[in-house]
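What follows is chain A paired twice: with chain B in the first complex and chain C in the second.
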Partner chain A sequence: MARALAFAWPYAKFCIVGGLFGRTFADWCASVASVDGESMSPTLDGHQAERMLVEKRCLYTYDFTRGDVVVLLSPRNHREVLVKRLIALPGDWIQVPENQEIRQIPQGHCWVEGDNAANSSDSRSYGPVSYHLSALLACSHEFHTLVRAALSICGLYYTSLTFLCLQVPLGLMQGRVTHVVWPPQRIRRVDRNMPEGRIMSQ
Partner chain B sequence: MGTYNLLWSIAKRNVTTVLLGITISDRCVNIISVTGESMHPTFTAADRVLQGDFVLAERRCLEKYEFSHGDVILFKCPSNHKELFVKRLIALPGEWVQLPGSPKVTKIPEGHCWVEGDNAARSLDSRSFGPIPLGLVQGRVTHIIWPPSKIGQVERKMPEGRISQI
Partner chain C sequence: MSGFFRRLAGIPWRSIAGDAFSRALLVAQAYCAVHVVDQHLCSLAFVRGPSMLPAINLAGDVLAVDRVSARLGRVENGDVVLMISPEDPRKVVAKRVLGMEGDSVTYLVDPGNSDASKTVVVPQGHVWVQGDNIYASKDSRQFGAVPYGLITGKIFCRVSSVISFASLSF
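And then the complex of A and B:
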C-alpha cells in the first residue's frame, strides 16, 4: 500500500501543482472562453463555436481603452458573463441610442455596447419579442420604426435594447478579448473599433 | 551542480507555496484590514491600515452567491473600482427597501442588492449610490481575528422593518 502511494505521489504532486498553476494563470494572466449569442456579431460569432483569448492583465491597473472588446459580469445576473465593446470611459458624454439623450458617464462606470446594435436596424438582435414581431410584420424601415416606438411605449423594446447597451460599474470587468483562437480558419486579432460620433471625451 | 539542484528544489517549493497562497486567497479565505468609521461599532473606527480590525473574508460564498440578510459583505465600490468597501447586506433582488426618513420605497432590481453601514451617520452606502450589482461582491466577512479583545464571529444583524417582500 505504502509502496503504491510512494509510486503515485510524484504524479499526484505534478497534477496538483499543474492544476494550481493553470487556475492561477487563467485567473490572472489569460484564459480561453467561448462565445454565445449574436450581440457581438460580426466581430464575434457564437454560431461557429468560436473561442476567444481573454487577457486579465488589464485588470491590474484597469487600463482599458475606448473600443476594446471586454468581458464583464452582467449587472442583471451575476452568474452571467457578457462580451461587449467598451464605448465610453468615466467622464465621457455619450449619446444614448434609443432616445437621443446625451448622458455623462459617472465616475467608476463605463458604457458597453454589442456590435450588432450598431450594425443593423433588424430587430432580430434586440431580443425575442421584437424578433418574432418583425418576422411576422416586416419589413419596411418606416414600419420598423413604428413597431419599435410602439414597443418602447409598452416598455418591452426598451428592455431588450438596453440589454445590448449598458452603463456598468468598472468593477464588473473580468478581462479583455484580444484574439479569436478557434476554429483555425477564424484565428485573428480582435481590433479596437469605435462607432463614429457617439462620444465626446473629456 | 549540487548547488543548482538545491536552488531548483528551493525554487520549486517557493513557487508551489506562492501558487497555493494565491489560490487560497482568491477562492477560499482572505485577511482584510478594515478602516473607516462606517461600520462602527461592529468594526473599530480607524484611519490607518495597522490600526484597523483584521477580519477574515470568506470567498466560498461567491461560487453560489449564498447571502443572507444581515451578512457583512466586501464589495468593490461602484464609483471607484479600485476601492473595497465593507458594509452590511440589507436587501436582496426583488425586495422593497424603505429609504430612512422618507416615505419613498425602492424596489431592488434583479441582480442587485442594497447595502448599508452600521454607523448610518458616517457611512457612504446604497443610500448614496443606490443598489449595487451582485457581481461587485468580493466576499463575506465572517470573523474578526485582531485585536484579541474583539476576536469572534461577526453576527448577522438586520435593522427592523426596513424591507418587505412582495
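And then the complex of A and C:
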C-alpha cells in the first residue's frame, strides 16, 4: 500500500501543482472559453466549436472600453456564463431597442448586447452549464469531456450561453475576449465595434 | 587580473542556477497555493464601517470568509456575505442577506423619519441584502436586489475577537 502511494505520489504532486499554476494563471492572466448558441454570430460562431482567449487583466481595475466583447456571469443564474458585447459604460445614455426608451446607465453598471440581436430568442436551447464539480461528475464517460471538465476546474476552459441584451453590474464581468484561438483557420483578433447611433456618452 | 577570472570560472554557476531555479519554483508554488486557497476556499477579510453594527465593529474586524458555499449556491437568509458593490466594482462590502430569489421582502423606506414600508419580490437569480444598522447603510433599499453572481464569500467566523485589544482598557 505504502509502495503504491510512493509510486503514485510524484504524478499526483505534478497534477496538483499543475492545477495550482493553471488556476492562478487563469485567474490573473487569461483562459480559454467556448461559445454555445448564436447570439454572438457572426463575430463568434458556436456551431464551429470556436475557442476564444479570455484575458483577465481588465479585471484589475475594471477598465473596459465600449465595444469590447466580454464574458460575464448571468444576472439571472450565477452558474451561467454569457458572452456579450459591452455597449455602454456608466453614465452613458442608451436607446433600448425593444421599447424605444432612452435610459441612463447607473454608476457601476454597464449595458451588454449580443451581436446577433435579431436571433436572441432561440439561443436558450441549452440548459444552464455549470463549470463546477457537478460538471465533472456528470460527464465522465468520454475522455474528451473528462479532460474538458478537468480543465474547467482549473478555470482554464468553460462553455457559455448567449442571449438577450441586459444592464448588468460591472462586478459580474469575468474577462474580455481578445482573440479566437481555435480552429486554426479561424484564428483572428476579435475587434471592438459599436452599433451606430444608439449611445450618447457623457 | 587573470587570477580573478580563474576564480570566476571556478564558481559552480550551473549548480547555483539550478538551486536558484528550484527555490524560485518553490516560491511560485507557494504563491499559487495561497492564491487558490484565498480565492476559492477560505480567506480573511478586514471589514470596517458602521453599516453592520452591532455585528461588525465600526473600527474594523477580521472575519473568516468561506468562498466554497457561496460558489455552490448555499447562501441563505440571515447569512452575512461579502459581495462586490453594485455601485463600484472595485469595492467589496459586507451585508446580510434578507431575501433569496422569489422571497417577498418588506423594508422600511426611511427608518429615521417615517414608518412607511414597502414590499418587493426578489427577482430570479438575485438576493436582497441589507446592513444590520439600517440607519447608516447603503444596501438593497437604495440599489435594489443584487445578482447572486456578485457574492464572493460567506462570512462564518470573527477572528479578531480571539485577539482582543479591548481587554487592556477599562
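One rule holds for everything that comes next: the second predicted complex is superposed on the first by the 141 of 202 C-alpha atoms of A that agree within 3 Å, B and C clash if a C-alpha of one lies under 4 Å from a C-alpha of the other, contacts with A are read in each partner's own complex, and residues count from 1 in each chain.
The definition used in the following text is that a contact is a pair of C-beta atoms (placed from the backbone, for glycine too) under 8 Å apart; a residue touches a chain by one contact, two chains touch by 3 or more.
What you see is a predicted model, and the numbers here were worked out from it, not measured in a lab.
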Superposed partners chain B and chain C on chain A - clash or fit: clash
First (chain B), second (chain C), both or neither touched by A:29: neither
Touching partner for A:187 - first (chain B), second (chain C), both, neither: neither
Partner chain in contact with A:12 - chain B first, chain C second, else both or neither: neither
Partner chain in contact with A:102 - chain B first, chain C second, else both or neither: neither
Partner chain(s) touched by A:171 [first = chain B, second = chain C, both, neither]: both
Partner chain in contact with A:49 - chain B first, chain C second, else both or neither: neither
Chain A positions touched by chain B in one structure and by chain C in the second: 17, 20-21, 23-24, 27-28, 62, 73-79, 106-109, 168-173
List of chain B residues in touch with chain A within their complex: 16, 19-20, 22-23, 26, 65, 75-82, 109-112, 132-137
Touching residues (chain side chain A, partner chain B) in the complex: 17, 20-21, 23-24, 27-28, 62, 72-79, 106-109, 168-173
Residues of chain A touching chain C in the complex: 17, 20-21, 23-24, 27-28, 61-62, 73-79, 106-109, 132, 168-173
Of chain C, residues touching chain A in the complex: 28-29, 31-33, 35-36, 39-40, 71-73, 83-90, 124-126, 146-151
